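In the two complexes that follow, subunit A is the common piece, with subunit B as its partner first and subunit C second.
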Partner chain A sequence: MVMDIMIAAGQAVLLLCLAPLIVGIINKTKAILQKRQGASVFQEYFDLWKWWQKPVIVTKYCSWVFLAAPVVYLATSIMAAMMLPGLLQNGLRLGDAFVFVYILALGRFFMTLGSMDSATAFGGMGGSREIYISVLVEPAVMLAILVNAARYGSTTLSQMVIDYNAFYFTVPAVMAGVAFFLVMLAENSRLPVDNPDTHLELTMIHECMTLEYSGRLLTFIHWGSMLKILSFLVLFGALYMPLPLPIAVKVLLSAVLIGLVETLNNKMRLFKVRVYLSAAVVMLAVAFIAQ
Partner chain B sequence: MELLITALGLYALGTLAIIWPKRLELAAHYTAMWLATGASLMVLWVACQFLGQAGWGMPIYNDTIWQLGRYSLVLDSWSAAFLLIIGLSGAAVSIYGIGYGRGYLGSRIRQLAGLWNLFIGSMVMVVLAGDAFTFILAWEVMALVSFLLVNHESEKKQVVHAAYQYMVMTHIGTAAILIAFYILGGGADSFAFKDLAHSELTLPLQHLAFGCAFAGFALKSGLMPLHVWLPNAHPAAPSHVSALMSGVMLKVAVYGFGRFVFEFIGAEVLGYGLVVMVIGLLSAFLGVLYASMEKDMKRILAYSSVENMGIIFAAFGCGMVLTALGHSRLAMVAFTAVLVHSVAHSLMKCLLFMSAGSVMHATGTRNIEKLGALAEKMPWTAAFTFVGSMSLASLPFTAGLAGEWLTLQSMMTLAFQAASTELRLLVIFAFVLLGLTGALALGCFVRLYGVAFLGRRRSGLVLKAHEMPFSMLLGMGIEAVAIIIVGVMPAPLVNIMRNVLLVDGEAMPGGNFLGIWWDGGQSVALFSPWLILLLAGVLIALLCAALISRKIVVTQDVTWNCGTEPTRRQQYTATGFSKPLRRAFDFILKPRRERVFLQREHAYFGRKLQYNLQIPDQFTDRLYRPVQHVLIRSAEILRKLQQGSVRLYIGYTMLAMVVVLLWGAM
Partner chain C sequence: MAEAIWQLKTVKPKALKGTANILSNGGKNPLTAMFGRDESENPDVQGYAIYVVFENLAEHRLEAVKAIFEPGESLCYESLTPLIPAAAWYEREIQDMFGIVPQGHPDPRPLVLHDTFPEGYYPLRKKVDKTAQVRGQRRMDMAVARGEGLFEVPVGPIHAGIIEPGHFRFSQAGESMLQLDARLFYTHRGLEKVMEGKTVTEALPIVERICGACSVANTWSYCQAVEKIAGVKVPRRAEIIRTLLAEVERITNHVGDLGNIPAGVGFNPAISLGGRTKELLMRLQEQLAGNRFLRGVIVPGGVAKDITPALADAVTAALEKAAQNVADLDAMFAQQANFQNRIRTTGTVRKTTAVDLAMVGVGARASGFAHDSRKDFAYGVYPELDFQLITETSGDVAARLAVRIRELRESFALVKALLAKLDQSADESDLTVNIDWSNVSGEGWGISESARGSDFHYAALIDGRIDRIFVRSASYPNWPAVTIAVQGDIIPDFPLINKSFELCYACIDR
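For the complex of A and B:
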């Protein structure tokens, strides 16, 4: 047990260290595809370090929830990272796939409450949209769990790791993979659902909630969301990508793929997301029935 | 078992508060509430003691605790599980009621306190009833007393309307249950439950009996489309009564339904389980969708009760489907989920209705648009509400997730067994709706807590808010602590609840030192909340240490607002918060918007707007209004027969006699 926790902690530290790099790679891919020079792949490390040193400004109207939100958000992201299978070992068994979802939900609960605590229109707007997106994402997430769990007869994450011998490029496996990729973009506030690059109020969802945070609190939030992206990439690689490649290659490949998708797509209207995620739900449903 | 009779006696004694002299009304209130607390604690003790003995199964009737002719009270493990809910929540809410009821000094406080005792007592009686007569008698007392309690503030027109609507609806439900008993009794030796269990029914009659029983109990537990009374009646009652109605009385309906399914009718017909599951799932989703749109705190909670009862019945239906498919061992996870979620929902809903009562007590409003920043004025109430909100959003460390996790596991178990495409479609339907429900519940309680307790105050009413007296905080505190204990250590509760239905040591969902587990598929699914708590604690401590380890400058300032000073009215409102959801689900909700220009000098400025938004309950409009219309129309036609003329009535009598004579001659 203690050994498991140590390994899982090592895995979390590793992912924490690599998370900014992955986001840097996504950004660099986008820059190259857009014929820009772009920032260095290590830029996110510099950004985190910059925010880390800055003073913290806290709004006058807030309660403890506002201060607790970034801490809980990063803590839940780290716990989720510790549970990931297919990396160092099977991942820490805090629970099964449903528990993974609900641990991330705890972070979302605190972030949206924190955004409402800042008492302006911006925070509430971000929280409101975040909830809206999460409501549409959740059925797809549940079905994604269902597809793999029913295939392998277990909801434990380490049992759900894809088996290449049996499911190498079959139709259900590909459909589930594509659908999970769509879910991943929505869950991590990427284009075409949310635009991670701007603070323009028409597009912002996640960025809108973080608007009132500064200094180390902001570092926590950004680091937490980078870790969440990397965790989802690992999960995508380990559970849903039907290619017999090492996990590191898969993660790099899907990071480049995100860069490609973000270059090729515009941000869609907020109320079109309903259709976008319905497509994911339908694909997952077909994958479940077909297998 | 003498203890249970004593408890019932204490409730009866407490009921006598109604006839205390008026000048002693405060003393009557205190005595009655303390008696209710004591009696509920006794009930809780008996339930714990009974459930503590391992290896009890459902159909055990050797524990008749009282008998008088046909009437009998019987204790078995299924009743004991619900006695646990009644005892625990009954005691906590009674303690809260000691302080809260004082607000009714001078407005029939003796009746309130006396009927309170009768209400809890009647629920205990329903659960203990050993035959159909006792059951129906206690059920009617429960219905009538709760009607009187809902109608307590009868000066308000709205309250009277809600109370009578409740009265009519609940009696329709009772009628359905009576029919079900009548049909069952036709095939049995007597109306005692142990004889009804051997009732031999032919198939169409069995379908009818099941249909009536399900309709009756679904109505009482507020499943859609029979829920329309619930969002009106629960908010209309005094808050501690709402807590008990939502937290406990709805579970009594689950008790009755379980009694019918497990013993009288059985779940061998696949269709029964499918109907229960689909209705449960739809209630869960639609209930929480309406809850996310409301701005009245108690209506939000009432709709959320519809949601949670939906989840409970969905799990129940899932268990019935598994039983019908021949997997009665696997079905145990679903029935355990039913019981665990019933306990969890009872705890959290009682807690939040109590906190809604405290907010009303402090500010005089339950409209969350007029609250805000209450966390500052009422820190304890805010902390307890936070726990309750987390639990209703089924987050880790709270009882809500234990029930939700078991429910999801039972659906997954069904998925493992679903070989046919039809069953797979059902499973997909279940997971889509449970996913939507879970995320909407999170949004709903973020909105409730964020708008009412965080941010800045939204009206002057918040200025006079103050913390509650000790008894009220104690009542809420007990429930909050219970939620966290069950949430962090769900193993004992899960073990107790699966023992309720245990038949001869079969493998079951269970709990051990790691947490709770279930082996429905090829490997064991595990959920260990205390480990999550431990890890979260360590991580949060580390992060906090990082946050404050070095000297960093922290300044406080107003929120950034594009360079202007933010006003209170610029905060997101609750209505605004749910706007994206309202638009995404407008094909279900059909909101009615109305924009009135009070003043309009120019197309873009100098205008004064009034904006009205209504989200009528679609079931009321589309299902109940037409039925009501037809009923009133037909009554108008029948009225023509009643002209008030004596000669006409003599004529009717003559006519009737002629018909009878002719009939007799044939």
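For the complex of A and C:
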């Protein structure tokens, strides 16, 4: 058991180190597709280092929740990364799918509290939108888990890994794969639900919650969300991508795919997100029934 | 060229409202501008004056009324705003600048001078203490809606992007915008005051720098105003070059907007293509003028720089490329269903609102109010040119985008026609008329159509020096429309709506 936890921790550290690179690759893909030169794929490391060196400025009107939120957010992201189906070793039985989902929900809950704690208009706006999105995302993620759980008879993430040796182009596998990708975009604040590149505060969702943060607290939040993206990419690759490829290749492929989707799409109307996520839920329901 | 006539009536302040009512012709004639002037040093007047200028759309001319406040007379008059909503900002500005009070104004808050200005300090009066410290503390309230569950969202004056300062106060019910109050004029530069006492040529560089995006339009309006006073006719080749520059400026601005509007919804390929095309055009402008903003070419009396055949070829080449990119952008917009969904029915301005607020330019035409100074006033070589006045009817973001795309097509054709005219007039060497300004006195006005709408300039000269200059750029009448357009939409749509108007802060911070 101790060994298992050590391995899982090693896996989380590895993912934590690679997360900025994956975001850099997504950004580079977007830049190339838009005929721009774009920043280096290592830019996100420089940004994290830049924020790390800056002082933390905290308004006197906020409580300890404001300070705790980024820490909890990063910690829950790391815990979620530990649960991912074995990168270093197969068959680890640490990660239960439901725990995975609600650990991340805990992090989001604290981020929302933190965003409202400073009582600025933008923080509250971002917080309320984040909750609105996550209320819609949650059933979709649950259904996605149930599709695989029903197929493999377990809710442990490592038991739900798609069978690498077989092509799984069945209706449930493809439907669940496409739907999970849609949900992943919403969950990680990507286009067409949220625009990670914008400077327009009024349109932001996730970024809106981070506006009051600075210095190391900001580093925690950004690193946490990068790790979350990478964790979801790993999960997508391991559980929902029916291709017999190594996991690293799958993650790279899906990162490029996100870049492509973000280039081809623009942000949808805020209240249309529910239509978008309902589509994902319907596909997952079909996949579940077909399973 | 049909010489547009300035019909000026002089009345007593108490007759101002009645006369303005007649001139507005039941709201059919839009208010062009309203401004004050301190003529206390003029022996014929010896007091303050307020000018109210209307545009007679049917007769294609300006009609103005001037109310003179005689010395000792109380500085107040009956507000025109309840009758003519478009007068609201002008009256507040005159109140700030001259201390002339519009009685019965529904919103008499200060407009231009913020809390830092001391009470009773009126910068545009002639006898003002120019060394006064601006450290006063006046209260400036924002207009907000109050009630159970409503809240305010303050945005700005410093924004996350590199843009000019403006404070927006949203009254929200959830995501829905109930009311928006905009507080602008943060970087009031006192340009009109600075230009007082300057010669016509000294003031020119200041006029060129009122705004970076429409320096041709501003300079041209200014030159028209002073040329009217001097009574000179500009050489034909100079008129062709001025018209050409104005169209190049329009193309550059419209293309910039085609790249900016998609930024409101994160439509990345369109942002990139629009940005690239704008850069192409800015470089063309640099070739034409020696700077990226087309400054220094238009001068009172003509133009200072010729367009050689080599430059004409550069224009043709750059615009061909730009036209291709605009066609690509148009196709991109049309094919992107998600983008169309964002821009349709968003930020609607109805035609009645556009007429009431006397909107100009793209904003007016997108709501079906056919107002284009190129058609309404025969200036430059526009009367000889064949082009369509573009209007849309829906008044939303989609309409404003469509007006720009269709106008771009007209402008590309116009530039082609102008280059042909330029070629025909190649043997004319006269580009400027030399004017001896030293004893030129009088008042005049100029109007030209910038990319955002008509630019109105009023100038009064005394012995070749500026006694009063008033600048009303196209953004001035359109800003209040933004606060109307947002009502009923949700707050994440505000950046998109704002970008679809693409109004200028500097133009009003003059």
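One rule holds for everything that comes next: the second predicted complex is superposed on the first by the 279 of 291 C-alpha atoms of A that agree within 3 Å, B and C clash if a C-alpha of one lies under 4 Å from a C-alpha of the other, contacts with A are read in each partner's own complex, and residues count from 1 in each chain.
Assume a contact is a pair of C-beta atoms (placed from the backbone, for glycine too) under 8 Å apart; a residue touches a chain by one contact, two chains touch by 3 or more.
This one's a predicted model, so the numbers in the text were calculated from it and none came from an experiment.
Once the two complexes are laid over each other on the shared chain, residue contacts for A:L270 go to subunit B and to subunit C alike.
Within the superposed three-chain model, A:R108 lies in touch with subunit B and out of touch with subunit C [touch as defined at top]. Look at A:G10: by the touch rule set out above, it reaches neither subunit B nor subunit C.
By the touch criterion defined above, A:P242 reaches neither subunit B nor subunit C. When the two complexes are overlaid on their common chain A, residue A:N195 makes contact with subunit C while staying clear of subunit B. In the superposition on chain A, contact is made by A:M125 with both subunit B and subunit C. Once chain A of one complex is fitted onto chain A of the other, the partner contacts of A:K60 are limited to subunit B, with no touch recorded for subunit C. More subunit A residues lie in contact with B than with the other chain of the pair subunit B and subunit C. When the two structures are aligned on the shared chain, A:Q34 is found in touch with subunit C, with no touch to subunit B. When both complexes are overlaid on chain A, the residue A:T156 reaches subunit B alone and has no touch with subunit C. Counting contacts as defined above, subunit A residues 121-122, 124-125, 270-271 meet subunit B in one complex and subunit C in the other. Interface residues of subunit A, counted against subunit B in their complex, comprise 5, 55-63, 65-66, 71-72, 74-76, 78-79, 82, 93-96, 98-99, 102-103, 105-106, 108-109, 112-113, 116-125, 127-129, 131-132, 134-143, 145-146, 149-150, 152-156, 159, 211-212, 215-217, 220, 270-271, 274, 281, 285, 288-289. Of all residues in subunit B, only 373, 375-376, 390, 393-396, 401, 404-405, 408-409, 412, 415-416, 418, 421, 424-425, 427-428, 431-436, 438-440, 442-443, 446-447, 449-451, 453-456, 515, 521-529, 531-532, 535-536, 539-540, 543-544, 546-547, 552-561, 566, 568, 570-573, 576-581, 583-584 touch subunit A in the complex they form. By the touch criterion given at the top, residues 151-155, 159-161, 175, 262-269, 271-273, 276, 336, 338-339, 341-342, 490-495 of subunit C touch subunit A in their complex. Only residues 30, 33-36, 121-122, 124-125, 191-192, 195, 197-203, 262-272 of subunit A touch subunit C when the two sit together in their complex.
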